[in-house]
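See the structures that follow.
Same chain, two partners: chain A is paired with chain B first, then with chain C.
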Partner chain A sequence: MTHPKRTGARLELKDVTKTYTGHGEDKHVLDHINCIVEPGEFLSIVGPSGVGKTTLLRLLTGLTPVTSGEILLDGKRVTSPPEDLAIVLQEYTRSLMPWLTVEKNIELPLKLKKIAKEERRERVQSAILEVGLEGNDSRYPWQLSGGMQQRVAIARALASRPRILVMDEPFASVDAQTRLDLEDLVLKVRDDFGITTLLVTHDMDEAVYLADRVLVLTGKPAHVAAEIAVPLGYPRDQVDTRAHPDFGRLRGEIYQLIRGKR
Partner chain B sequence: MRFANPKNWLWLISLGGTVLIWQLVSVSLNDRPFPSVSKISNALSEMLQTGEFWGDLGVTFLIAMVGLIIGIALAVPLGLLVGLSEFAFRSTKFILDFLKVIPPIVVLPLVLLMFGTTIKFSVTLVVFGVLFSVLVQATYGVRDTDPVLLDTLSAFNASRYARLKYAVLPSALPFIATGTKIATSAAVIVSIVTGLVGSGPGLGHSLSVAQTGGNSPNVFAYVVVLGVVGILVNLLVSALDRRIIFWRGK
Partner chain C sequence: MLALLRRFLISSWLVVALLLFWWKVSANSENYFWPPLGQIASQFKANWLFTNVVDDVIPSLKNLAIGYFIGAPCALVVGAHLGLSEIAQRIFSPLVNFFRSIPGVALVPIFIMLFGIGDESRRVSIAVAVFFPTLIATIEAVRTSDAVLLDVSRSFKFSSFQSLWRVRVPSGAPMISSGLQVSLQVGFIVMIVSEMLGAFRGLGAFTVEAQQSFMIIDMWTGIIMLGILGYIFNVIFELIEKRALRWYRGQKGLTT
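Let's look at the complex of A and B:
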């Protein structure tokens, strides 16, 4: 299988601030978040639970508007879900449609984009191969294990050929072994396609293991506590990388940041 | 294999036992207050050979089905509309809940005055009995659509129409099916009641004639027929539900 190498998108957050109004008193969630993600870069966003990671993600995907500041994707301001962006959410059981087969689930976004049938079929098949779901085309999501369902969600994201992939705690609901497999799958995908990848997680190990750079959010309202480069190089290995002294050091650094400012 | 397990044919034993006890009690009491099983089955087999019976059965069934179809055809689009709008849902909730609990028999005299003892009267009453349970279920189905699913579709730039087609409708379908299951039983019952109480056409009317004539074996024979019809309709609807809503509970 050859993959057309694509260039990832460049993402820029400029003074992004979010305040939820209504429902009683205003809730200031995100405070002047600044960050640049270069094309093809893998960025992890970590922070304690409830810090506003998911809110940030909703802003990135254009599902919720920013209160002030701006989000630029390749220089274009994000106001609605961008064409080049695809998402993978934690709740695969809720984001996949139980009445559609694996194949139809993956095909749906392509249908929405009015892509011709022949090309849809081709893209679905290559996405299925990419995530290792061969032979499951006509099964329903609920006939698959959690890990396989999340593979379907990843395949669905890939089929639309995004230039930026955004994942919200994608491995939080699968067992430990599956989790490691899916982590390596995501690295392979990034490598194959060169797409910019954003991972929102509360797992510091995972954040370090996968990323070029880790963005640490803390506080209420959340601000950027640190941007930490991960100089571990690729490819990464579940045993060697995690045993590397730098891995432990970075993990400890992030732990301090999160614990210290809770 | 299924018959190897006693659980699967226990119902047959209890049915046989009930029939046997009925027969014994009835014979020992000289057919009072209820006729013996043998008399009922004689009346039943005679009845099954008359064209009149099958005509009545057909009419009762037709009334139930036509009323059911009209009721669902009205209830589903209305229910979807009401469910889609928070304003419509809130403003109609009380009225719908109120109408839902009014038994069709209460409005029977009114409809009878409007249409007389015609098929129109019977069908209208069935529609009334069906409409609100399906409508309310459809609104709940729409409102039960998973927000994660809607967000997922939105992130893929789905239009409002696409979200309706790919998320809201399929999410509402199991609810509509449940409403339809309840409504189907109601449709059959109301169809019989229109004949029994309102002298509309069909089996209910024949039952009421048998009762007035003091023909108690015939009355019981009709009861048996109606019971069997009810069970068959329920089995049919459940089977359809399992086929169409194959993802239910997944």
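Let's look at the complex of A and C:
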């Protein structure tokens, strides 16, 4: 199976600020967030729960408008969900269509984009192979385990040939073993396609294990506490990488940042 | 096979017992209004197997089918769009709530005035009565679509038309289906009542005519026929629903 190599998209956050108004008092969630994600880079976004990670994700996927500042994807301002972006959400049971089979779930976005049947089938099959879902084409999502369902969501995202993949706590609701498998799957996907990847997580180990760089958000309203480069190199290994002295050091550093400013 | 037989026995023994009870108790009945079930049964055979079916049953069912397949799809389309817009819901909800409160059968005389006593007035009455239960269920189903599913639709850049018909309506199908079932039951009732008010043929006309001419046994056969038809409709509806919503039952872990 050959994968058409694509270049990832470049994402730029400029002074991104978000304030929710209405419902009583205004809620200032994000304060002047600045960050550049280079094409093909893997960026993890961590922070204590409730800090505004999901809000940031909603802003940069165009699902929610920014209050001020701007988000640029390849230099183009994001005001609605961009064509080249695909998302994978935590709640796989709610993000897949339970009335469609695995194959039809992956196919639906392509079908609605009026992509020809031949190409659709090819894309769906290659996405199924990529995430290791062979033989499950005609099963329904609810017949699969959580990990498998999340693979379907990843395959659906990949089939639309995104240049940037954004994931919100994608492995938070699966068991530990499955989680490790899915982490490695995401690394493989990034490697195969060269797409820019953003991962929102509250798990510091996961953030470090996967990323080129970790963005740490803290405070109320949230701001960037630090951008930490992860010089661990690729490919990564669940045993060796996690045993590396740098891994422990980075993890500790992030832990301090999050704990210290809580 | 044995399990199937078991299920059949469980769901039918009570009916059989009641029929036997009725048969026994009414066997020597002298009461004009409560004739022996044996007499009703033989008259039923004479009336409905299958002489009057073409004259009285088929026209009734045709009216029901036409009314239902006009009213219910209209309700689906209108309800789906109303469900999308909060403002439209606010504008139309007083109207909808007013008309849904009027029993469908109460509208029959109005439509007879408007369309005469022909089949048109009956079909229109059925279509209007069928409209509201499906409408209300569809509005609610579309309105309460899962936010996560809608985020996903937006992220894949589905148009609002696509996300309505490819996401909101299918995900609300279980709720819409309950509306369709209530509509079918209401349509059935209006079908009969509309025939009781000034029709020359049809099951309702047959039954009410028999009653008014004191042909009590004929009346009973009409009532039983109505019961059987209503029952069959419900069974057919549930079979179709069970197939179409297999995913829903599977997802909920329901086995029956």
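The rule is simple: the second predicted complex is superposed on the first by the 262 of 262 C-alpha atoms of A that agree within 3 Å, B and C clash if a C-alpha of one lies under 4 Å from a C-alpha of the other, contacts with A are read in each partner's own complex, and residues count from 1 in each chain.
Following the convention adopted for this analysis, contacts are C-beta pairs under 8 Å (C-beta built on N, C-alpha and C of every residue); 3 or more make two chains touch, one makes a residue touch a chain.
Since the model is a prediction, treat every value here as computed from it, not as a measurement.
**Q** Report clash or fit for the pair chain B and chain C bound to chain A in the combined superposed model.
**A** Superposition result for chain B and chain C: clash.
**Q** In the overlaid three-chain picture, which partner chain does A:227 touch, first (chain B) or second (chain C), both, or neither?
**A** neither
**Q** Using the superposition on chain A described above, determine whether A:85 touches chain B (first), chain C (second), both, or neither.
**A** Touch partners of A:85: chain B and chain C.
**Q** Going by the contact rule set out at the top, does A:160 touch chain B (first), chain C (second), both, or neither?
**A** both
**Q** Considering each complex separately, which residues of chain A are in contact with chain B in the first and with chain C in the second?
**A** Correct list for chain A: 61-63, 80-81, 83, 85-87, 89, 91, 94-95, 97-99, 108-109, 112-113, 140, 142, 160.
**Q** Which stretch or stretches of chain C touch chain A in the complex?
**A** Touch list, chain C to chain A: 146, 148-149, 151-152, 154-159, 162, 166-167, 170-171, 173, 247-248, 250-251.
**Q** Using the touch rule from the top, collect the residues of chain B that touch chain A in their complex.
**A** 146, 148-149, 151-159, 162, 166-167, 170, 173, 246-247, 250
**Q** Where on chain A does chain C make contact in their complex?
**A** Where chain A meets chain C, its residues are 61-63, 80-81, 83, 85-87, 89, 91, 94-95, 97-100, 108-109, 112-113, 140, 142-143, 160.
**Q** In the complex, go through chain A and note every residue touching chain B.
**A** Interface residues on the chain A side: 61-63, 80-81, 83, 85-87, 89, 91, 94-95, 97-99, 108-109, 112-113, 140-142, 160.
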